[in-house]
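Same chain, two partners: subunit A is paired with subunit B first, then with subunit C.
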Partner chain A sequence: MTKIAIYIIVLLCLCSPGIGYCYDLVSEIKDAEGALLENAVITATPLSGEFKKPDKNLTVEIDQIDKTFVDFVTPIMVGTTLVFPNSDKIRHQVYSFSEAKKFEIPLYPPGQGRATPVTFDKPGVVVLGCNIHDWMKAYVYVVETPFFAKTGKNGKATIKDIPPGQYKIEVWHPYIKKSSATVKQPVNIGKEGDMKVDFVIDVKKALTVRRAPGSIGGGVYP
Partner chain B sequence: MLKYVHVVMLVTVMFCQTVSAEWADWILNASLDGGFEDNVNFGVEKYMRLSDLTASQSVLFGRYYQLGDYFRLSIAADLKAKEYKRYDGLDNVYSGATVALTHKCGWGLEAPWIRIHSSAGYLSFDESMRNSLMYNGGLTFGKRFSERFDMLLSYNFIYRDGKNSKGIAGFMDNAFDQVGNKGSVVLNYLLTERLLASLGDSVYYGDVNSTGEPDDFNTVKSFTKALIRDTTFNSRLWTYRFEALANEFTVGLSYALSGHTSLNVSYIRVDGYTSDLHYYDNLVSTNIKYSF
Partner chain C sequence: MFLFVNLAAMASARSIISENLIVEHRVFNTIMDNRIRQISESARLLSMDYAFKQSISSVDNKTLISIIENLRQRINADFITLVSLEYTVMADTIKPDLSGKQFMSRALIEKAEEQGELSSITIREGGYYQIEIIPILAPDPIAWLVIGFLINDTVLKDIKNLILAQISVFELDSGGRLKIVASTLPEGLKKLLFGKVKSANLSVEGNQSIILGQNEYISLISPLEKKGGSNLYVLLQRSMDDVLEPYYRLRTRLAIISLIGLLISFAVSMRISRSVTRPVSTLVDGVRQIEGGNYDLHIGVTQRDELGELSNAFNNMARGLKERDLVSDLLGKVVSPVIAKELLSKKVELGGEEKEVTILFSDVRNFTALSEKYPPTIILNMLNKYLTVMSAIIESHGGVIDKYIGDAIMALFGAPISHPDDVDRALHAALDMNEALNKLNVDFQSTGIPPIDIGIGINTDIVVAGNMGSAHRLNYTVIGDGVNLASRLEGLTKQYKKRIILSDSTYKKIKDSYKIEQIGEAYVKGKTKSTIIYTLIGKG
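This part shows the complex of A and B:
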């Protein structure tokens, strides 16, 4: 009799939505002209404000290869520590003047673990640069939720293993225009299995400092 | 003297090898250029202005040395060759060395920088009477206002030590010696991710050469400092040196083919003024540039 009761309870748990099951959120991001957008970040924030915090300190790396930051966009959760390996043969610097995290790492040599790691403790957008190579630029998008993903070249991103519930889904891109609709809520995850939430956003024609030589002078810090 | 320039270049390259690689980076700038110039002799009268097509190549090769967070020293060998289609006496090769020390005044791409630079080299023509030692020194101030827009301001002292040639009575025979001062401004504006527009203007005050026919002498005699017979174009012409104020206006467009290579077109207008006369020259060129 006890065994039958246990089976029934387990069966009820498995059939009940939201208990023990997690779902994926797939998103496709396009610009106003219909082009698929790489480097957009999609986030899912529980409207209840409750989520399980990471068990351990998170560490993410942004490398420097051929005088370029890799990746160009890195989404991280608040409290994550970024490390900056240097895969070039020359020294680099890293700096940020952004409100969400201001820091300066003086010239450091090639290799792993040669620069002081930086912990990002506030949400927001952090723009990175290298003081020697003005064209080097990268974005760190610091979010408060553990549920986020970045779009690849196909404009698609998947946030995996989201517990069921009501969420605010947001999109961000380094070149997004303020006029873009970036929020969809409430989105009920788990009600209909895996979800698909797409966005169409307006993006600026982005410019970064040009690396190639110019017709006169050039302009880059020589 | 030419041999000393090559010694400097050799020492430069050897010195390049002695510094720890992590503090030094290679400089390799190369350019292939084709152009048209409508007054290669800087003649004053319309009938005396000689035009020609030109082809040139240049290579700047050396190293940057990062001297801490804010200073950078660059030492490079500089080689240029220029060919003229009709007036091959003007074909020339320049070999020299350049040294520059740059200080960036702070962090960030908008931090201004200042550079002191000096170069020396030997300019060798097919018509050897034009061969000269060239010296150049100056200061450049650079400031980026945004990712789109930056500006360069520079001052250059220019000194050319030419050969003395057979002159005529009453005139000095060092027509290719030149001393001058030049102030320049360059504005660069990024139109799209790949397309860079540039505007430049410079004002030069100092010695200038012009080549013309003997009939012109009466008009130029009063301000001519040196006068020689010049066989670069043909035997009837003479080259004279005088002091002038010259304005050089440049407009250029550059399309980035990659992070290292660009395709460029530019137009240069040079106007030279003495108290009585107005000289001008128009140059159009297109080139491919590579920068490591």
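This part shows the complex of A and C:
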């Protein structure tokens, strides 16, 4: 997805010759115990509400490998279309009952392009599940800004090429507690501005279905 | 003994019940847990159903209620409530109009969110429910299912069938009052329990004794929900009587058996004692009669044991005593009582001993002439009277009548028993006889019998005293010259015209004082030497 972000930034930078320099925002996310958090999503929303919309439909993919969604967390901008390739040797059925996007792709065979792509047109959290594998779970975080990034194992995320200005910086995590402080604003991004915004958030234990041990029918498609 | 057995049985019953109650308490908790777990497991499986999840997020409220009602019937729960992530009721099987309202306990759902699921106890519409809260995962929770199972008498009865103890569940309200939620106890006992169990009972660790009606119940109280949050307590009880029943049966049987045993042994001992005491009392009665002198009795004890032998011996003894008494009586009449006694007390055998004896001879003068003049009956009457009086006087002075020779009396002083004053006794007897004769003559005259005169000769000498005669017939008597002299002296009284004449040997042995006169000398037949003789006139 960083790829997508960079692509957007590059586009923005290219399409706005008058603006000049863009800046990178680095964020480090920790939990209350000080552990670095992976799979947190950081977003920067211009307070002016103005940003350049992508001029073509974006497409992002969430694969299914060894009965697991890859990636676990996928942040996308509103209007992005998701494709669900199946890299396993068995069929999967992807669904969501989330308000932001309810959909269901009935059992479909392994391979690329066998499932109907789904366009996410509302912001919010969409939890994906597989009808036949209870433990399979993925999060799609649909945001309204093109400026976002996801933390890696080191708990760090970098939003690249943000035009200078006043921004609202927000953090989200699949297991974030409502009590956490998730917003920092205004954050001034520019030559003299803050280029590093860190968050400490509370996360809860995930309610997940345990994967059946030694689950058969595995193996990744070719 | 019964008391000790009773105490031991009670103690053992108590400890058995106590142990059982602890086990049963564990079983009860396990059953209660399993009851909800198993059913909730079914609910969980149903909640995994894709169509179910799908419908929750898509259908209208009425359909939703219908869906969970269907689920409720499938798993046989008492109610199901579907709660949203915002803690509002999405659907409820008891009250459809709860939809959209806040769920009764947000805290319960929050706890379930933390733990993933939750078992607890709650009250709704006055009923007490075990509840299980499980998430509907899609794959994150999209709603919560609250499944409730009523705690009522029926449920407890089902459990009681497995654990046997009486089960009561009650609630301690905020005011410290106890309320019985459900119980397997009969209605009457339930009311009693209400009054008996106080909040103080709740804090008792381990077993306690609660009396309901007539019966003691060993009871174990513990909080129903260990996780807290509810004030429900479970009371397990077992009646002492139930456990002791076999013992009570045994005790009754033992009591009957020992009563019968007691009666039998009483009857047997009565028989035995009667067979012993009856002959014994007969014997005692016999002994008393013998004591009273009745020897004619015969004891009719026919037993063939020691008592029978004793009775036979007793009868023989009575017979022996009778014979002896007869002999003694007769002997006393025939011989002097003193001699009779002497004869009876010693072995009777021929032979004698030398003894100093004072011999008194008395005789009625002219008796032959008298007996010719008067008829024999008068004579005999007179003689008997005379001899009776004289004999009595002699015996009163310790003299012994040796024999009557017609109208003569031969009496001994000093045989068979000697006294130091035998001579004086003889003299006193002679004086008394003299006096008695005067009185007797007055008596005789009034009945037309002529007066009589007597002569008395007294001599003291060493003679041979003993039983004389043949081996089959013998007499106690004395023989010797002294006897002859006494007889001779009596004969001299006629010649000297004196009533009493003593020999010199008697005179020399006198100790008292008397009026005595020497009257001459006398020759005794066969003797060359003469002896001085005296007459006794009176007391000195």
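The rule is simple: the second predicted complex is superposed on the first by the 189 of 222 C-alpha atoms of A that agree within 3 Å, B and C clash if a C-alpha of one lies under 4 Å from a C-alpha of the other, contacts with A are read in each partner's own complex, and residues count from 1 in each chain.
In this text, a contact is a pair of C-beta atoms (placed from the backbone, for glycine too) under 8 Å apart; a residue touches a chain by one contact, two chains touch by 3 or more.
Fair warning: this is a prediction, and the values are worked out from it, not measured in the lab.
K.L.:
Look at A:I90 in the shared chain and tell me whether it touches subunit B only, subunit C only, both, or neither; answer first, second, both or neither.
P.N.:
In the superposed model, A:I90 contacts subunit B only, not subunit C.
K.L.:
Considering only touches as defined above, state whether A:N131 meets subunit B (first), subunit C (second), both or neither.
P.N.:
Both partners.
K.L.:
Quick check on the superposed pair: does A:K102 touch subunit B, subunit C, both, or neither? Answer first, second, both or neither.
P.N.:
The answer is second: A:K102 touches subunit C but not subunit B.
K.L.:
Which chain, subunit B or subunit C, ends up touching more residues of subunit A in the combined arrangement?
P.N.:
Of subunit B and subunit C, more residues of subunit A lie in contact with B.
K.L.:
Considering only the contact definition stated at the top, list the common interface residues of subunit A for subunit B and subunit C.
P.N.:
Comparing the two interfaces on subunit A, one with subunit B and one with subunit C, the shared residues are 95, 97, 104, 129, 131, 134-135, 205, 207-209.
K.L.:
Considering only the defined contacts, which subunit B positions touch subunit A in the complex?
P.N.:
Listed in rising order, the residues of subunit B that touch subunit A are 21-25, 29, 66, 68-69, 72, 74, 100, 102, 104, 107-109, 111, 113, 115, 142, 144, 147-148, 150, 152, 186, 188, 190, 192-194, 196, 198, 200, 250, 252-254, 256-262, 264-266, 289-291.
K.L.:
Where on subunit C is subunit A touching in the complex?
P.N.:
Touch list, subunit C to subunit A: 48, 50, 53-54, 56-58, 113-114, 116, 135, 137-142.
K.L.:
Mind listing the subunit A positions that touch subunit B in their complex?
P.N.:
89-91, 93, 95, 97, 104, 106-107, 109-110, 129, 131-132, 134-135, 205-219, 221-222
K.L.:
Of all residues in subunit A, which touch subunit C in the complex?
P.N.:
On the subunit A side, the touching residues are 95, 97, 102, 104, 127, 129-131, 134-137, 204-205, 207-209.
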